[in-house]
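The structure under discussion appears below in the form of structure tokens.
Letters A, B, C and D mark the chains as written, and numbering starts fresh at 1 in each.
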Amino acid sequence: MGTAENSSGAGNARAAAGVSDVMVSGRVGVGWRERYCEVRSLTEEMAAVLSAEDQTVQSMPDVSPTKWHRAHTSWFFEEFVLGPHAPGYEAADPAYRYLFNSYYEAVGPRHPRPARGLLSRPGIEEVASYRRQVDAAMLDLLMTPIADEAAALVELGLHHEQQHQELLLMDIKHVLSQNPLRPVYRVQRDTTPAAKPGPTPWIDDPGGLIEMGHDAVGFAFDNETPRHAVHLGPYALASRPVTCGEWESFVDDGGYQRPELWLSDGWAAVMANAWEAPLYWRRAEDGWVVFTLGGERPVRAAEPVCHVSLYEADAYARWAGARLPLEAEWEHLVRADQPRADRFDLDDLHPRPVDGTSLGASVGEVWEWTASPYVAYPGFRPAPGAVGEYNGKFMINQQVLRGGACVTPPGHLRPTYRNFFPPSARWPFTGLRLAKDLP
Amino acid sequence: MGTAENSSGAGNARAAAGVSDVMVSGRVGVGWRERYCEVRSLTEEMAAVLSAEDQTVQSMPDVSPTKWHRAHTSWFFEEFVLGPHAPGYEAADPAYRYLFNSYYEAVGPRHPRPARGLLSRPGIEEVASYRRQVDAAMLDLLMTPIADEAAALVELGLHHEQQHQELLLMDIKHVLSQNPLRPVYRVQRDTTPAAKPGPTPWIDDPGGLIEMGHDAVGFAFDNETPRHAVHLGPYALASRPVTCGEWESFVDDGGYQRPELWLSDGWAAVMANAWEAPLYWRRAEDGWVVFTLGGERPVRAAEPVCHVSLYEADAYARWAGARLPLEAEWEHLVRADQPRADRFDLDDLHPRPVDGTSLGASVGEVWEWTASPYVAYPGFRPAPGAVGEYNGKFMINQQVLRGGACVTPPGHLRPTYRNFFPPSARWPFTGLRLAKDLP
Amino acid sequence: MGTAENSSGAGNARAAAGVSDVMVSGRVGVGWRERYCEVRSLTEEMAAVLSAEDQTVQSMPDVSPTKWHRAHTSWFFEEFVLGPHAPGYEAADPAYRYLFNSYYEAVGPRHPRPARGLLSRPGIEEVASYRRQVDAAMLDLLMTPIADEAAALVELGLHHEQQHQELLLMDIKHVLSQNPLRPVYRVQRDTTPAAKPGPTPWIDDPGGLIEMGHDAVGFAFDNETPRHAVHLGPYALASRPVTCGEWESFVDDGGYQRPELWLSDGWAAVMANAWEAPLYWRRAEDGWVVFTLGGERPVRAAEPVCHVSLYEADAYARWAGARLPLEAEWEHLVRADQPRADRFDLDDLHPRPVDGTSLGASVGEVWEWTASPYVAYPGFRPAPGAVGEYNGKFMINQQVLRGGACVTPPGHLRPTYRNFFPPSARWPFTGLRLAKDLP
Amino acid sequence: MGTAENSSGAGNARAAAGVSDVMVSGRVGVGWRERYCEVRSLTEEMAAVLSAEDQTVQSMPDVSPTKWHRAHTSWFFEEFVLGPHAPGYEAADPAYRYLFNSYYEAVGPRHPRPARGLLSRPGIEEVASYRRQVDAAMLDLLMTPIADEAAALVELGLHHEQQHQELLLMDIKHVLSQNPLRPVYRVQRDTTPAAKPGPTPWIDDPGGLIEMGHDAVGFAFDNETPRHAVHLGPYALASRPVTCGEWESFVDDGGYQRPELWLSDGWAAVMANAWEAPLYWRRAEDGWVVFTLGGERPVRAAEPVCHVSLYEADAYARWAGARLPLEAEWEHLVRADQPRADRFDLDDLHPRPVDGTSLGASVGEVWEWTASPYVAYPGFRPAPGAVGEYNGKFMINQQVLRGGACVTPPGHLRPTYRNFFPPSARWPFTGLRLAKDLP
């Protein structure tokens, strides 16, 4: 995902990995077409409650308008699947190649990212019609056997669209948050606030020479490969993410006023942006409130803290006498305790309290910042062709996040999944889990 | 008008000037209500061909979204007329006071101008409903006699709305121009290109001690008053504005490459922005094309040049061995030769060639930059109250324009009318007319 | 003077005006050479107390390093006098043409203004040697009769150097003010603070058709010409500038917190820069202190306020129920009451209290902002040739100041003298005098 | 070193490591005082050829003036050694605590980094006198036994000063390069250009579980510790850095025009800054020339390329079908082949061709960018106290460089030494060495 909507050179990954179950089981059959329809229709369901005006606004350069996400994900199928693999397919509009290319230099020039919000046209009706045209052609294509390479690109396109589903939710949250009317995206299910949890239990691991990276069964993005050895010292991970209640203690203890807790660039960000709490928190008369996709409401102590930058996560960890985990540490422990089933729910798009009794049960509400910069695994090779631009070219100035969030669509994650964002990013659903060295 | 949508302080102007014909003829009667409906419905007609998406975009800080113009002009009536003068009137939404205040510091804080395009809500339906509520209350109010002060504010509100009608057209033109699809606002009437005109005849005036400023009969903005004496030397004005054909000669002669022709700040603007022709001109294979509200089409030599900054106008005049007129010179000669009737036409929103046989007939296609900075007339006093913030506070760093443009709504202009913009502005419909000293 | 060190176009002025007394009395004789030596040695005297480090620093783009002023004024004589008029003269260093050209586009490319402080070389010794070479050649040239055109350029060069003398003092004050050590440029003569003055007497004038501009006897810059008629209403000027004591009342009355007192751009500047008092004022424990060329010391109530922008001057005037004078009003009254003899004194470089009994006696401590934008007089023509770039090209976005300041060198001023700066400038020695309309 | 002049936290390192040889051998005796004098006098020797003007200029925010380096390194001894450990020592000037603190938040507020060039005072004479005062007190202190903690700080202070010696040279090179006169810092020894070398031999390593980090004998910065295990795959390193001749091939092959070769942020930097060759290269009539501390001269094919950013190094490696080394790979191989003795020479401050027959012999002309972001080693703990701010707080947004350059002072390096700069930095003496995976 990342700022750059990186999605991935599955070509190479797949070369090593074989194809995923669905693909193996038919590659033409009902499975594929159903999966395609499922993913595509979730995007439309997400957008359906938004007006034409909502879908047009871009609130900062990192954010894209909803209708742009809807069009760009369709362009992906048009550009990489239909164009090369559907004989006779005619592009909906030649200008769309320029307007809806995100960052693929190899494909040609593109509309500048910060100017996506200047485009009133095509409007949402035209975008819907574009999606329908692409869907019809895709479903047609999927009626008959397709080449491995094309199949890999279809699968990649679906994972790509899922990434944009999460971006769509992150982005519209940011858009709506700019409005003093504090609009509601969608009314959220009401839940009873959980009690403030007790101290976090730690889960120990002796480390040693372990393996990490994708094991070549099923789909993975190229940046998860190859699987390789890493040496770890003994360490422990907290059994749940840091909560809002804990974060309030950090705030109350002057966390945002003490330079000694911060990385140098982090402290500069605090000063420059006057940060004093996570993004979307606001100090109201009766305490902190938080803006959610269901509107503004009081901060709840038991919920995982969300929308903090790496700088804040790192400062918190230092304050707490701990540190952030390495991605290898995280993957090693989590792989042993498979995360629970998908919790995605359009009526529950805010992190909810987790049960910290098992590691797996505590993952999936917020992305967890790690101490690992986003770099290539040893032996990494990006996929050939334009889709090779997805991941490799962003391997600088970004930090890895692990785990997945309440807004990550169903079926999208794996324990080896590597998300990444710049250390200053706060609009993704980002939280943290503590780690520490063991003697 | 100006960047700041200044409109006005008519209170003071009217104190000196009496009330306009319409008001004199009734102040309560059919005339008033009809005038109100006429003006208000023209705004809606302008917006009607625009989609919700079109009406939401803000393409630069100086531009406002169409739906913002529609709401702000309604807010003006609510804030200054209905609030104080319609007993029992209840504001549509308290948040609108904040969202739709343009720059009235006295009224309270306001949504930042560059962030108007971040507001997806209220959407166009809610804005339409807001307008209907204000209209109903206004028409109700106008059924019965109202105080002079209220009447003056109604009249001011209508002139204010007319200013925003022109801004709406300027702004949507800029919005659409950012789109590589080059969208059409409204198909424009097709006309046969006129022949390239011959050399411009000059109209001489001996100057001397003349009077300028509004003569206190009918409505005027406060910045047109008081009428006062000015001494002029002998001078001449061109009988028509500079044309596109003439401008092409300037371009071809290296006009944009020769620093000696430019004011120092102007040359800096040329360098910084890589200007090489008027805004909306583009060099195509077969020559210059221009983006209009009816789409892109070839530049026509006989049309007045439009969308040039003061810097460009000034450089052109120097190149032509002439200068820009003083606003006093302009007003003095034009007053003697009343401009023709309104030419406003939604199907003809681009400057068309003028007949240069009389001064009056040559005015009204493009605003004409003058050599006069926008300053207070001797004895100027802004109106008391919040509406006094309209004009006076913008009297720095702006230059006066005279005449009116093809996008200026009917019934809005007077020979004493003073428009103003910063010298770098190019998105208004700005052109120029030459002047020279006589011996 | 102005940001741009505008100096001139005396060619044209002189064509109309004849030559100055000195020139008339000899053009070759003792008078010329003495005048040349006098002016050139004052520059060196100003620089002599500054270290090599002091002379190198540029504290903001508008400021030039002392050694740059010393070199640039020499370059002027080399470029415009010696090059064309001293046969066989060889330029000191070809690179100096590039390094020390300020803004003469016609002469060729030049070192960017904001980068003047990046040049450590030539150092002050090389600059001194450059000055000596130019002086030797100039004094040689002035031994024999020279052409009228050359004579005019010599005279212009001397006035140009005087302008840079004032800039040198303004600039080094700004440089030193950036240093927390609060260094002293030169110890200033100690004086007893004057008593706070009583209310300002007003000097009335009936206005009418008056004449303004230079009368063509003696030297003047081209922007002071031609003399021309202007019509004024009845008005009054304060008999002295606004004092620091009065300014403190303005501050205490919330002057910097009340948007209704300010021009729109002025209020934006207050907000953006957190202005709360004149430049160089600092709130100390016992009240306001001010940084001077003699170091920091308490603000004295009777002294004219200094280092305020036009925005502040304009806001103050509005607060005081008055306005700023037009430059025509100022010139008309001051011309009738010739200013006192020069007060320039290197040991007294801060505005001192004035005797307000006569207008003339109250002028010359601070430049006085006027309500007049800096525009061409009717019939103005810049001088031909490169020196024609001095004044005309700055006639936009600047405001006229009149009167002269305590740092203006002796013999430099005239009642028709027009200084100019952008409305936001605060580092010149700028104050204000009130004006008002009479019935 | 790094942008932030990070130096250290040796306290912790030393706790693990014991003290260095010199310290062990006496801690009070001749060795210490000689070492102190040696290091301090090299700084003065570097500055001696620079004028007061040269020593004052700051050419960009990352650069510090020479006299600032001289003062700051003295402040370090005053603040951390003399203040706490020399009873009765009185600070030279209380303001220096503020002016010459670089980034130690714990010590108090400090003069803003980008404003260092605005300080003309203290001048170079006062700085020299400051250095003399500190030296006298230090030499006095070193006459008698001092506590371990103080001894560690003295040693740290000397390594700190060495880092600033290299920064001084980097910075003055940048300062002088801004001057169109292309001034010479110091005439450099003339050498015969070497022949263009043949293809680079590769040095293979099987990888496996290796150890890296400082082994606790002698001095090291805290960021080099603790020693820890790392697993590497089989790899090879080039036996010499990339040369200018090879870089020219990259340029000629469109290296700076092909986005597919670049990291996304790198390509953005190329576009934004119009990079087309390394910093200090200029295309002259006869080919590329390069600005050196000895002036400008032709680029020589056999010399290691220098002054490239990480982005350029990474793009070059991709173009060459290779990659940058991990810091672990570099350290592992270089440790086995100890680098040659110091090559530092004030008359030879430009990278010279290396003999690629052994790895050790090829190191030390240019810093070598690695593929490793600058992060903490597992178990890293910064030193307690203010000196703990040296390294840890910069562990984000920076990349590790290894090896040392021709401007690194003698006795400063170790195979475990970690230098770091942001990926966009080009003014350090940065080059690269290729690496590749082995099957």
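The rule is simple: a residue touches a chain if its C-beta (ideal position, glycine included) is under 8 Å from a C-beta of that chain, and two chains touch if they have at least 3 such contacts.
Here the structure is a predicted model, which is why all the values come from computation and not from measurement.
A.B. asks: Among the chains, which has its CA centre at the largest distance from subunit D's?
C.D. replies: B
A.B. asks: Compute the distance, rounded to whole Å, between the mean C-alpha positions of subunit A and subunit D.
C.D. replies: Measuring from centre to centre gives 38 Å for this pair.
A.B. asks: State, to the nearest whole Å, the distance from the C-alpha centre of subunit A to the C-alpha centre of subunit B.
C.D. replies: The mean C-alpha positions of subunit A and subunit B differ by 47 Å.
A.B. asks: Between subunit B and subunit D, what is the gap in Å from one C-alpha centre to the other?
C.D. replies: 60
A.B. asks: Specify, in ascending order, the residues of subunit B that touch 2 or more different other chains.
C.D. replies: Answer for subunit B, listing residues that touch two or more other chains: there are none.
A.B. asks: Touching pairs of chains, all of them, please.
C.D. replies: A-B, A-D, B-C, C-D
A.B. asks: Write out the stretch or stretches of subunit A touching subunit D in their complex.
C.D. replies: For this pair, the touching residues of subunit A are 4, 103, 105-106, 209, 228-233, 259-260, 262-267, 310-311, 314, 326, 371-373, 375-376, 378-379, 389, 393-397, 423, 437.
A.B. asks: How about subunit D: which of its residues touch subunit C in the complex?
C.D. replies: Of all residues in subunit D, those touching subunit C are 51-57, 59, 67, 95, 98-99, 111, 115, 117-124, 175-176, 178-181, 183.
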